[in-house]
Amino acid sequence: MGILEVKGVNKRFGGLQALGDVNLSVKENTVHAIIGPNGAGKSTLLNCLVGKLIPDTGSVMFDGQSVLGCKPHQINQMGISRVFQTPEIFSDLTVLENIMIPCFAKRDGSFRLHAFESFAQEKDILEKAEAILEDVNMADKRHMHSASMSRGDKRRLEMAMCLVQEPRLLLLDEPTAGMARADTNNTIDLLKQINDQRDITMCIIEHDMHVVFSLADRITVLAQGRPLVEDAPENIKGNPKVQEAYLGEVAA
Amino acid sequence: MDAFILQVLNGLDKGSAYALIALGLTLIFGTLGVVNFAHGALFMLGSFCAVTLQRILSLSYETIDETQLDFLGNPLKVKSTYIESWLGKDVGLAIIDWSVPIAILFAIPVMIAIGVIMERGLIKHFYKRPHADQILVTFGLAIVIQEVVKYYYGANPIQTPAPDSLSKALDLGVMIGFDPNAIIYPYWRLIYFFFSMTVIAGVFAFLQFTTFGMVVRAGMADRETVSMLGINIDKRFTIMFGIAAAVAGLAGVMYTPINPPNYHMGMDFLVLSFVVVVVGGMGSLPGAVLAGFLLGILESFASTAWATSLLPGINQIIIYLVAIIVLLTRPRGLMGRKGVMEE
Amino acid sequence: MLGLNFRDRSLFFIVIALTVLAPFILNPFPSESSLAQFNAGYPDLMQRFVIFGIFAIGFNILFGLTGYLSFGHAAFLGVGSYAAVWVFKLFTYNVLPAIILAVAVAGLFSLLIGYVSLRRSGIYFSILTLAFAQMSFALAYSVLSNPKFNLTNGETGLQVYADDPQWLHRDSLPDLPHLFGLSMRSNYQLDIGAWTFNFNVGYYLCVVIMLIVFYIAIRLFRSPFGMMLRAIKSNQQRLNYTGLNSRPYTLAAFVISGMYAGLAGGLMAAMDPLAGAERMQWTASGEVVLMVILGGAGTLIGPILGAGFIKYFENIFSKINDQILHQWFAFLPDGLEDFLVFIIHPFIGKGWHLTLGILFMLVVIFLPGGLVEGGQRLGKLFGRRKKTEDAAKDAANTPAE
């Protein structure tokens, strides 16, 4: 039994079958990649997992609980964090404040009216935030305005914001999309480092084969909204079905 | 039944004004993505175009008529307008009498010029700024325009009547088989309704059948793609702003006989027109027109003695009430597209 | 001390000093001199400074922190005023219960409106609040003022009449709003030489209350709650995916700012026991938006500066007339004098709103951070100039050594 169980999920947009009978099982402490050509339904699937979309039929269970119909903040409180395709951070806030917010969310839940305490005196939150900044080598930037950082740093910050919540499942939506090769490699290293240091389950949606094969323990291939194969990376490479659906597109 | 028709008719003129203003607001919002709080001021400026033209036409000089004496026994001073002395008494008087319809010709170039200057001089710099900034700067502009008008024209409403021959009322009831005097409707309101329908049809035809309109519609749907095609969309948007200003201005010109213009009429109509746009669906032109008429008629029904005896003052809050209900149940409005102004 | 860091504490003390000493600061000119028209140390004007300061501080909590632009906050101010006057009419002229009820009623009212309006964001939110405010105005102006049920007394405005019950009123108490017998109108006039200074009980009550709520606002800005509100302005999507529910945060901010508005309305009624519908009109909401933007949205001191600035110049500009202008420019040749007066004429007296509109546009266009940003830029400019001067001095000094 995996930590995330997707069973028989269907999603239609008008006449388009975006997802058809998708089944997926993500085992704890593994890196599971979902790949597929453009329009295969990867993003739709992810949006169904985080509460942005609700599937027409099927079930999405996280650790034995259904996430269907839950709001994004509720799903996050259940232990699923999400990294966006383009880094989503609080760009008007400093780096340290960016990290403190998920710490508060973890400690106080989705709402607490702590309007009269000073956040500068929240010792435990500050310690936690400083520690994670050390981990991702950003301690020297802690008082920087996060809007003025490079894209790579923003990505790093976003990851740190997710990690500080100690999520049980980390969802990554094309974390290297639009990145230069060097940045992509840095991101891979960061993800590897995270994976080595912590017991964390990751689910990556990715276009870039290089990223997928350097990280994933297990791969699901989607094509036209349907799961084609699920297997270990070394078997995926040789699978003729995958080559037809995926690499065929490249060859054409 | 006759009472019902009468209320529908009564709602049409206000509805026409709402529809025209809302149409302009939507054009600007849809093409330029700007929330224009100064649009009511444009409507008001249109009204004052009519006032100004009437004043220009009525410019007069004094002559002394030796043949007549006033009550003190002095020779009578006679005021006569220049236009009468140039074109003869009959033509001159007729032109003054018809100054409101004539003001349409005067208002179109003036309003387009004002619109273009506004867009090039101010709005252009706010395309990339947040909506809140756009609201604020146009709000400031509206205050400025309003105060300038107040300075030159005073704070009181200015009577600007319709031509004499059109000031009468029509017994519409007889024409469709009711008793005489059951449905009495002033000519000018009927004219206003047909005039606004013509303008609306003109705008839609323009957008539908010209290449220019096609590009603008494409730009409304997807601005980035169109600008990538190498079409100078910005220039077209400037023209679009001019057109929207002209539409608001025309609505104002023709509205003067119904509602004597004052400096704050723009703000009064603006708030309601925004509500109309939201009810119709942000970015939807047919929605703006439909909602304009619907709300105008609804307001007219709420003003009946029956409705006000049921709930006093319902006529003043009905539009807001409807807007709140619509926004909460159908956030996109009656005909709004997906993805307009949503997070 | 006070749970504030050094900078906030200094700011707080500056505000205390300014407000407490305002009767002196605002009356710098001898009362008989020609410059006396620039004095602003009159009780009713000073009260307005502080009351609108409170209104603006509250509005800034919503707009400055979360970025939600409400065009309907005047409704809460109006509701507060009505509530306070009703307390005067039914119970007592003591201002304390009136103010407390004003805050409570405005809080409830804003909870209701906020709950509905905050289901939408951006421009939709602005228009919803606008619609609610205009509706409240119409309700107050006509709907809720009919012989059967007269809650607002319509056009005339709600006021206290001699035949009102005032159950808790005793003859020994003043027949005006008072605080446990101390009349809001009682005034101590201090004459020092040619100068006159007014110390008014009502004003100092407003000051004490403003200092309390300003302190609360500082704490709120520095709290985790304030941080969340800033995060909402910055990236609401990220906040939701970080496990925080933005709705109760914005609603709390909305209600708090509504209560500030109600407090301002209650104080207004306490200074002058009447309440009119025009206080609720959307142009009145627009005025508080102007104050906050002009002062600097999202800053602590900005709203106070903006409110003081607008109310001060409103007063001064309305007083200037052509005659005064002619006096000022008397030293110029006649033609030039007349020309200058002609140019300036539209902007003074009744033209104050024109000046305000232009000023506001200029601020939005060139100085989005308002007066506070302007001050910072000036500070930087002088700072840099000082540095370069120092550098120049150093350069000049070096060869001499």
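Each chain gets a letter, A, B and C, in the order it is written, and its residues are counted from 1.
We adopt the following convention: a residue touches a chain if its C-beta (ideal position, glycine included) is under 8 Å from a C-beta of that chain, and two chains touch if they have at least 3 such contacts.
These numbers were taken from a predicted model, which means no experiment stands behind them.
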Q.
From the C-alpha centres, identify the chain that is farthest from subunit B.
A. A
Q: Select the chain whose centre, defined as the mean of its C-alpha atoms, is least distant from the mean of all protein C-alpha atoms.
A: C
**Q.** Length of the line joining the C-alpha centres of subunit B and subunit C, rounded to whole Å
**A.** 35
Q. If you average the CA atoms of subunit A and of subunit B, how far apart do the two points sit, in angstrom?
A. 52
Q: Starting from the mean Cα coordinates of subunit A and subunit C, work out the distance between those two points in Å.
A: 46
Q.
Where in subunit C do residues touch at least two different other chains?
A. 237
Q. Okay, in this complex, where on subunit C does subunit A touch?
A. 3, 5, 216, 219-220, 222-228, 230-231, 233-235, 237-246, 248-249, 252, 256
Q) What residues of subunit B sit close enough to touch subunit C in their complex? A) 35, 122, 125, 130-133, 135-137, 139-144, 146-148, 151, 267, 271, 274-275, 278, 282, 311-314, 316-317, 320-321, 323-324, 327-328, 331, 341, 343
Q. Considering the complex alone, what residue numbers of subunit C touch subunit B?
A. 67, 69, 116, 119-124, 126-128, 130-132, 134-135, 138-139, 141-144, 146, 236-237, 282-283, 286, 289, 293, 346, 351, 353-354, 356-358, 360-361, 364-365, 368
Q) Touching subunit C in the complex: which residues of subunit A? A) 50, 71-73, 76-77, 81-82, 84, 88-93, 97, 100-102, 104-106, 108-120, 122, 161, 165
